[in-house]
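In the part that follows, the structures are each spelled out as structure tokens.
Here come two complexes built around subunit A, the first alongside subunit B, the second alongside subunit C.
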Partner chain A sequence: MDLATLGGQFLGTIPLGDIVLYLTTFNLFMFGAALVFTAIIAMSRTESQVEAEFGTLNEREKKVSKDEFKIRRFLSIVCGLATAGAMITGDLFNFTLFVCLIGIVNIGIVAAVKEVDVLDSAFQYGIIAMIATLPLFGGAASILATTGTISLLELVNIPTSAFMLFSSILLFIGVAGESGVAPFFATKAEMFRTAGSPFLVIIHLSSLLVIVRTIEILLIINKPFGV
Partner chain B sequence: MVIEFRIKKCRHIITLNLIGEKKMNLMADILLNVTVAFLVGSILFGLQRKVMARIQMRPGPPIIQHMLHTLKFFIKETVFPRTAAMPFYVAITVILCAIWVAAVIIGPVTHGPLLLLFAIFAIHKIVEHNAGSSSGSPYGKLSCVRAVFSAAAELPLFAVLIIVFIQTGTMDLNGIIAYQAEHGALLFTLPLTAMMFIALIISKSYYYSPLNITLARDIVSGFETEHFGTLRGFIMISEAITWYMLLWIFLTVFLGALTPIEYLIGMVILTAIVGLINAVTPILNPNHSIMTEVTLAFIGIVGSLLMIFFL
Partner chain C sequence: MAASVLVPTVVSPEVVSLYIPAIFTGLLVGLIGLLAISYQKNDLHALILTDIVSLGMLILVAAVGTDLAEALILPGLVVELAEILAISEILMSREMRKMDKTVELIPLPLSFNMEILDTAPTFLAIILIIYGAFLSGFTGGAIAGGGILFYVLSKMTRGVPSNTWEGVAGASGIAWCLWIVGFLIFFVAPSYWLLALFLAAFGIFIKVAFKVGLIGVIGREEFKKDKE
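Now for the complex of A and B:
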């Protein structure tokens, strides 16, 4: 199996010291999508939530304050860049670092909100994300211990062993916890009830793109069943 | 089957080619395929409404109603809510259109990797989410939260394409078509995988789908509620192309190389089946919808893997 089998045409590598980025059609598309969203988020203002008040004819408007806007926009941009990095890195350890950074800034984006329910949700997600760092880094470390490398360009040529499969499961559990997908999504979905649409979208964007990239990485490591 | 025709006063012959043979200029190929995707997708939506109406003993709207609706929005005034998150509110509709045009390029035009189509579907979920939340409307916001929930169920359904990779050894559409030419259609080898993909198609059906919680009528028009005029027109174009592409992926991945006529027949049959299901089932609430999809994904993934290794 080669990388082109999974991600389309292999376009080349970008060696940056021991960090080697590689580009296939798939990685480039994901990288571009993450950057486009980040750019739009950086220049967008937030929406105002308008809700009818119960028992009166008035309406309630929820806005994001200027201080809150600044810190959340900064964290969203960091999250977008970390997501873009996770899309094209050819190094498993860098990937786990980017995923971990995404988890941290996701909590930060929501933690700036002053609503009890949303903060509760962010707190619960934070606990899951912290617990998930152990299998996340443990999975990457186990793969390094088994194969002697964490370069995806090398891993694609190494035959899969049972321990690599076990390490991949650890890695997947770690990514699922960090990105807050099923079965952890129920906690995370509550975070989306607050105002600040452009900042919330980056939380969702980072989760889904990281999951798609993880599928590619797991297939690279495991070359399932002799493929 | 390849259909060739010459445009008046044009020296080039345009080749209508839905299975990807490289016989014409790439740009013309893209334009033609995107136009076909929009027209066929719109008419299939009309057909779906017609099927539903006839089952419910109503005459139903004309079959071109969805297309007329789409075109109508382009001549209506475009207004922007005072509460909207600009320019995200506008950009999101452009992104929605762009990703599905990209899907047409990756699918029918170049026969690229399935993983890329999976990535496009993931971005589609993000766009659904943000189109809802960017307007400030409570209906859009509810749709946005539901989009987050439904992503957790729909992505595993789309990820069944990984099982196709395990079976065929390739993510490349040409490779999958070649595999089926040699070993027979995957529909018969991986029926549970095909069943999961049909569940995904049902969940993306525009009119009264039991699983489409982001556009359920209890929240008016969901994430589309506060998009008007040209913006709504772009969203409707994207929806028609989305429907065409989902059916195209299903037919290509599970039946192999088909002629344009066979594609059309397959799409009409699938749309009629979805219309029948939508007409006779209630719209599920979000929790039931998610659990139905998750259960189908679990049965499909475990069942398909067992079939691959033990049959």
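Now for the complex of A and C:
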């Protein structure tokens, strides 16, 4: 399975010394989408949560203070840029680093909130993210050990061995833990229960895009339907 | 199924055969860490134990044993440190919210008024900074940073001018940009490698030297209050 079959159309490469980025319609589109969302989030203002109080006609408003607002906006821009980078990179290890950066920044976005519950779930998510670095980097490193390269352009031409399959499974577990999908979603869902919604959306968006890109990378490495 | 590709003939087969045991060691270390976390109910202990799992990650990367793997260990280590800092920061702010009071980063009950606290730090800091500048690069940065840190910690009892520290933080950011620009030149225009080398070397020297911000000196505004 070559890059054009997965990516629609092979548009070319950007050689930067050892690191070679490649462009296909698929990853270029996802790169652009991540950048557009980042721009929208960078321009938007935060919402304030209004909760109706039980038994009375009063309502309670949760506002985000100006300092916290600035930090969150900065961190969500970083998160968006890291997502965009993970979409377009042609290097397996850079991909894992971008995924880790997304994980750290996700913790940072909710780090300054006042709700103890949210901080609690952010802590649990952080522990999972840190444990997930073992399969994430371990998978990338053992792919490097088996094939001698971490460039996706080269990996496309190397026939799959059983050890590469094992490494890919490790890599997938790592990405799942780091971006907080399926088995680890419970802790991450709790993190959304706080004020300041447009910046929280990037947490969600980044994990969605990263999973799509991970599937592409795993298909490139493993070639399940023949070369 | 040991790695069959791209192992140069100069590498002895013993070294190559070490790869599979190293992988198992890494996974075993990770499992031991996970087991310990599952027994542990205290959050702080769980956080410390996750570090063991990350050590397993470092073993897995180091097991590859090539130059590239050596270059990959550093980002792995940095990611691990950044995550443990972020999580411990979350843990601290959660505990502060629970108890409803803030804690000083470095609690120092001392209020000495001694001559030596005024004179010695400056002298020692200047010597360390000059030696660090002479070394340059990462090591030099660490030594000069140690000098600055020593200065700050000894002056803490008397109050350090806050404007200076904000300036230091700004300079650190600019130096970091120089470092990144240096690396970019390496990739984009390799013929200017000497310029790139010097930008990177002195950028990281200033950056690491001013890394006092890392321990939260500026972030926590610990030193802004003059304790005179």
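Going forward, the second predicted complex is superposed on the first by the 225 of 227 C-alpha atoms of A that agree within 3 Å, B and C clash if a C-alpha of one lies under 4 Å from a C-alpha of the other, contacts with A are read in each partner's own complex, and residues count from 1 in each chain.
Everything below uses one rule, namely that a contact is a pair of C-beta atoms (placed from the backbone, for glycine too) under 8 Å apart; a residue touches a chain by one contact, two chains touch by 3 or more.
Please read all numbers here as calculations on a predicted model, not as lab measurements.
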Combined model on subunit A: subunit C and subunit B, fit or clash: fit
Contacts of A:67 with subunit B and subunit C, given as first, second, both or neither: neither
Which superposed partner A:212 touches (first subunit B, second subunit C, both, neither): first
Which superposed partner A:43 touches (first subunit B, second subunit C, both, neither): first
Superposed model, angle subtended at subunit A by subunit C and subunit B (C-alpha, nearest 10 degrees): 170
First, second, both or neither for A:33, with subunit B first and subunit C second: first
Partner chain in contact with A:59 - subunit B first, subunit C second, else both or neither: neither
Which of subunit B and subunit C A:201 touches, first, second, both or neither: first
Least Cα gap, in Å, left between subunit B and subunit C after the two complexes are fitted on chain A: 22
Overlap of the subunit B and subunit C footprints on subunit A, listed as residue numbers: none
Subunit C residues touching subunit A - in the complex, by the definition given at the top: 1, 3, 5-6, 19, 23, 26-27, 30, 33-34, 37, 43, 46-47, 50, 53-54, 56-57, 60-61, 63-64, 66, 68-69, 72, 75-76, 79-80, 82-84, 86-87, 89-91, 93-94, 97-98, 186-188, 190
Subunit B contact footprint on subunit A (complex, rising order): 1, 5-8, 25-26, 29-30, 33, 36-37, 40-41, 43-51, 61, 181-182, 185-186, 188-189, 192-193, 195, 197-198, 200-201, 204-205, 208-209, 211-212, 215-216, 219, 224-225, 227
Of subunit B, residues touching subunit A in the complex: 82-89, 91, 95, 99, 102, 112-113, 115-116, 118-119, 122-123, 125-126, 129-130, 133-138, 141, 144-145, 147-149, 151-153, 155-156, 159, 162, 165-166, 169-172, 175, 294, 308-309
Touching residues (chain side subunit A, partner subunit C) in the complex: 16-17, 19, 93, 97, 100-101, 103-104, 107-108, 111-112, 114, 116, 119-120, 122-123, 126-127, 129-131, 133-134, 136-138, 140-142, 144-148, 150, 158, 161-163
